[in-house]
Amino acid sequence: MLKTEELRINIGPQHPSTHGVFRMLVTVDGETLVDLKPVFGYLHRNHEQLGEVNSYLQNMPFTDRLDYFNSMINNHAYARSVEMLAGIEVPERAQYIRVIMDELSRILNHATALGFMLGDMGAWQTALLWGLREREKILDLFEYVSGARMMCNYARFGGVARDIDDYFITETRKLMDGLPHYFDDFEGLLTNSEIMLARARNIGVLPKELALSYSVTGPVLRASGVPYDIRRAEPYAVYDRFDFDIPVGTVGDVYDRFLVRIAEMRQAYRILEQAFQQLPEAGGGHINPKVKQQSLKPPIGEAYARVESPKGELGFYLVSDGTGNAYRYKVRAPSFINLTALADMCKGYKLADAMVILGSIDIVMGEVDR
Amino acid sequence: MVETFQQTFGAPLWLAVVLASGLKVTLILVGGSLGMMFLTWYERRAIAYMQDRRGPNRVGPQGSLQPIAEAIKTMTKEDTTPLEADRVVHFLAPVVMLAATVLTFAIIPWGNLFPSDLSVGVLFFVAIGGLHTLGMLMAGWGSNNKFALLGGMRGVAQMVSYEIPQVMAVIPIVLMTGTMSMQRIVESQSGFGGLGWNVFTPVGFFAFALFFVASLAEGERTPFDIPEADSEIVAGYMTEYTGMKFAVFYLANYMTNLAICFITASIFLGGGNGPGVNELGGFLGGFLSLIYFFIKALFLFFIMVLIRATVPRLRVDQLMGFAWKFLLPLVLVNILSSALWVAIIRWDQQAQIFTQWFGAPGTADAPNFVRLGVAVAVTIMINLGALVMVMGLNNRASQARMHTTDEELALGL
Amino acid sequence: MNYIVVVIFLILSAITLVSGVMVVTVKNIIHSALWLIASFIGVAALYLLMEAEFLAVVQILVYAGAVSILVLFAIMLTRHVTGEGTRMLYERWWVALVVALVLFGAVITPTIWQQGANWDAAATAAQASITATGEGSPAGTAVASTINIGESFMREYLLPFEIASVLLLMALIGAIAIAFEERTGRRRVLTLAEEYALKQRGIVEPRDAEGAVVPSIEAEQAL
Amino acid sequence: MTLANRQGTGAVVPVERNDQRFRAGQGTAAGLSIVFRKFRKALFGKPNSDRSDTEGQFNVQYPEERLSLPEAYRNMPILLFDDATGHELCTSCFQCERVCPPQVIHITQAKDPATGKPVPSAAEFIIEYDTCMSCGYCAEVCPFDAIKMDHDYELSTSNHPELDVNYNRLLRPVSYYETIAPTLWNDVRESAMKKLQNNIKRRPGAIGVDHGQKVGAKAAPAAVARPADPAGAGASAVVPAAKRAPVAAIGKTMSEEKLAKLQSIRADNQAKRGGAGAPVDSAHAVEAAVGVQPDTAQVAAPDAATPGSVAPGATGPVAAVGTSMSEEKRAKLEAIRAAKRAQGGE
């Protein structure tokens, strides 16, 4: 009998469809994938050691570089953990501004993440470029308010760097007029396309219990059927004042993750609408003047604040020894933990599916390697 | 062409034949490569507009010199060959692919002008198209690279399994027109004032759809561009090629697409035939037929680009399943219905009951509408019935595959 | 005019013969397969020269298109089986040469003996008609066109046609049976969800590729 | 019900996969029709300008068309000097140097030549543009609004040492900053100008003024209305490299590296004026040349100011910062501590 020979392929660090510098050592028997070993660390920048050398405020711009798609959300999470450590109160309007920025960032992240996944599936970036157009508009708004498109460095301890003015609000309203139209186009493009279904249904299935045991969070967890969303489970900022639904999948395959992310974009749109309605008047002091930012010396103690980033639960753990910079600074990156589930999820599927499963987990190497 | 050479230059027969065929070959090569260049520009612009951006508009007016810039760029790039690669095979692969593609232009009519009229035109196109696969296998094997080998194997498997539906999809047209030579197929579509295209008959339309889908796979267009699926295996069999050899692959790829558009336009959309072509006649008529022909070909290519911008790629095993379990049965049923179509329309003494029921078969310009109506009804019923049945079967099969029972899992089926 | 035809004929037959010889003498097995394809195409060109277009196209479609790829596939996938690079020619090559010549003689003599009479007649007729009409084929004799071949399949040679198709069908089914039996023999790689479903129902301890029992997640945590 | 305790509601909504639907190509056809509609809109529609458009071309042809930058846009920091008096606003209070995360700002305080006491003005101000991450902290913490974030992003240059931008090339007139960020400047203008006035009182002689340009000699208008010149000289329009005045006595907060640099300038000036320069302050024994002297950048005291043009590589004192920043930082700290101990000791 002819013995078939297994092929070891190196889907290497520089490969068109690994999102960033990430390598997969794949053992393939014919087309089916027998074993997959993820190798990462190529983008390690010593982020946590930097956090201990820099003062609390100096570390804020470095958090932009973690998940470079959502610098607003990273800043928000870091600011929350320092505020929890130092017991700083955040004025109402600042919390609303932070929520608005988070939800805008969630829309742009899901738009591009789905675009990249469909690109891996072979849909030649049409969905991606529509997503990038919306992302450009949102980045212009971030640039208007924070000064930079991707490296916003916008949150401060006890508030935000600059207040939003009427121009920003009218422009965001205009953006939001176009969004539903974009959602319908995006959903109509491929959701029911037969080939997309063939490529996405029952691929990379992660059952509910296994998702919990892999401690996967975010859309991947919700797609497996676990309705866990930090904005609802442990409401922070002013999330407890908005009504929004938690989209949940049933099977937990690539198709469910695709649908959950589209539904989440619509929910983010709903939150934005309500946030703009309830936005308190200016003058509430967006930056808390009482807190001296750069010479902040929080009392000795530790704090862990977590935020629902589009990729999962993003947490910052800080231990302060009373001095100007942190004694221990740890980032709980959702992409890193979701990535550990990749190896087992891809087993048994075809080589082409491994790419799609990687795309459906939506990882950013900046966050994985820190 | 040969006679003109003989009279004008008084050349002996053999010199005239050599000159005539030489002129034709150069015309085809120039036309083909210019067509290829235009196609790359056309595709970039069309897909750009579909994605709300502009596409190349810097080099030359509206980016028209972009393909030339690319050609120069690829020529100046260093042409490397991998170390332990099989140098001869590595070098020959693009040659074989381009040769196969250019040969198919021998029988493609440009409007009403025919390079050479083989009595087996259509079969020749598909046969020579088969050699294209050979080049892919040589490229995959010659570059001594895992990705290339995988890409080559996949490409060949796809090509071989799509060649069969492609050939069989044309059989109904051959049946209806009674010949395989391209010239007569094109001429047979000039009825009804230039609009008697094959695509307007139900059998013809069905054959057009199947042929077009199968040739999408032959030309490696999405959703069948598995061989150079960049997301999985870097660039498939073209991974180890740079510089001029890569340009030759690229040229071969786009010329195949051009050939497919031309062939489909000629066989199904009555290449060159259109309202007012035979009234004008002579040079003007030929020119108008050329314009019609190009419009049809470009329309077909636009559909290819539209599909490429929308639809994701099929996985290899799904692709094979699609060819064998979906296209092939439909093609066979279409052959059956085309046979019925010819029987109902043309048979006279062979089947007396037809003439009793529907009357004598009409001639080309005075068709017997009763027979035509019955033929249309019968063929549509058969084709659509087959389509629905095959789709139902495939849906049920994929549903079943999704819920493999645990016992089967345990046995490791 | 027929000098051209003769010259072309000589060139084509030279190509076919040379590639035929190369098939057996070249060291690398892939190259010999490629030379084989070259000889197939040479034969197809000869058919084309004899105005038998249908035969030429079928030759390319069947041989150069399908059989050669099958041969290449077989060689590539089982590369290690055959010795590579060793020269295939043995010392007693002249024995093989003699046998080849004898066989060639056995094939060529009946055709010369029977058709020999009208050989030169056909040549002169062909020459006469070419000069007259400028057409390749002599006006008188009908050239077997596709229609004739098709009709003869359905009339005189129906039985052999049917037998051949049944034979091919058997070959097809045989191939599928072998492939299917080989595929089921191989242990299917279980995906995560399937493995989990099996453990959940405790049907059977799932084994991984090497057949070793896969420790259940609880067992792992217990370690 | 006040907003504070309004409890948001929301259900858990399973996404519908509609698996049972009979699929015969409708999904693909729907996708194709959407893409064709987009194609038609992009081909014939107007390029979209309004933020709510989701159809039509949206890209900008960069060199010809440019997007207007918002006021808060921050690229690289620049220093401001008052047009009227010519005095720069910076009082070298070192706030920005301390807060800068990548520590790329290096300031040395000016000294009153007569009394040797520190003067609220900067003698030397260097920012390493290549390491700066444009986070905007320096502009935020500066109490005198002396340092602001520029809007010029066309800074690419092939000459790497040029990216250690020194004082002359950092200075911009306040009018320039007013054009790019009018509202931001209006909020802080009164306080900035008031602080500037009492700072000017404490600056003897021409200390706060001579850095980079003479009073009244208007600096080349650094693009009042930013010219959309695509060519864009490599470094932005630069204040003319005026003759550097001999720096006063060597400041106490001098690190070895700075020491060596100022020595080289001093020696160069002497050579220029035939040795009649200010006596070398022998208070600090000058260690052996700290090897900061890369052979490439030759130390040439710039001759007559060539208005507007940038003599690449020849302007200003050598500021090539060869050593990596952290050692240089540590060296500076040791120098300060040593100086304090020495002062305490005398």
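First chain written, first letter: the chains are A, B, C and D, and each begins at residue 1.
One rule holds for everything that comes next: contacts are C-beta pairs under 8 Å (C-beta built on N, C-alpha and C of every residue); 3 or more make two chains touch, one makes a residue touch a chain.
Given the structure is predicted, the values throughout are model-derived calculations rather than measurements.
Look at the CA centroids: the one farthest from the centroid of chain C belongs to D.
Look at where the CA atoms of chain B average out and do the same for chain C: the two points lie 24 Å apart. Annotation: 45 Å between the Cα-based centres of chain A and chain B.
Centre-to-centre separation of chain A and chain D, using mean CA positions: 32 Å. Rounded to whole angstrom units, the spacing between the C-alpha centres of chain A and chain C is 56.
Shared interface positions of chain B, defined as residues touching 2 or more other chains, are 50-53, 309-311. Across the assembly, chain D contributes residues 23, 28, 31, 34-35, 38, 58 that each touch 2 or more other chains.
With touch defined as above, residues shared between interfaces to two or more other chains in chain C number as follows: 188, 190, 194, 197. Under the contact rule stated at the top, the pairs of chains that touch are A-B, A-C, A-D, B-C, B-D.
Only residues 7, 9, 15-17, 31, 118-126, 129-130, 133, 189-190, 193, 195-196, 198-199, 201-202, 350-353, 355 of chain A touch chain B when the two sit together in their complex.
Residues of chain B that touch chain D in their complex: 46, 49-54, 306-307, 309-311, 387-388, 391-392, 395.
Every residue of chain D that touches chain A in the complex is listed here, in rising order: 3, 6-15, 17-19, 21, 23, 25-28, 30-31, 34-35, 38, 50-54, 58, 67, 69-70, 72-74, 98-101, 133-137, 140-141, 149. In the complex of the two chains, the chain D residues touching chain B come out as 22-24, 28, 31-32, 34-36, 38-39, 42-43, 55-59, 61.
Contacts from chain A toward chain C in the complex involve residues 1-2, 4, 29, 32-35, 205-207, 209-210, 213, 252, 344-345, 347-349.
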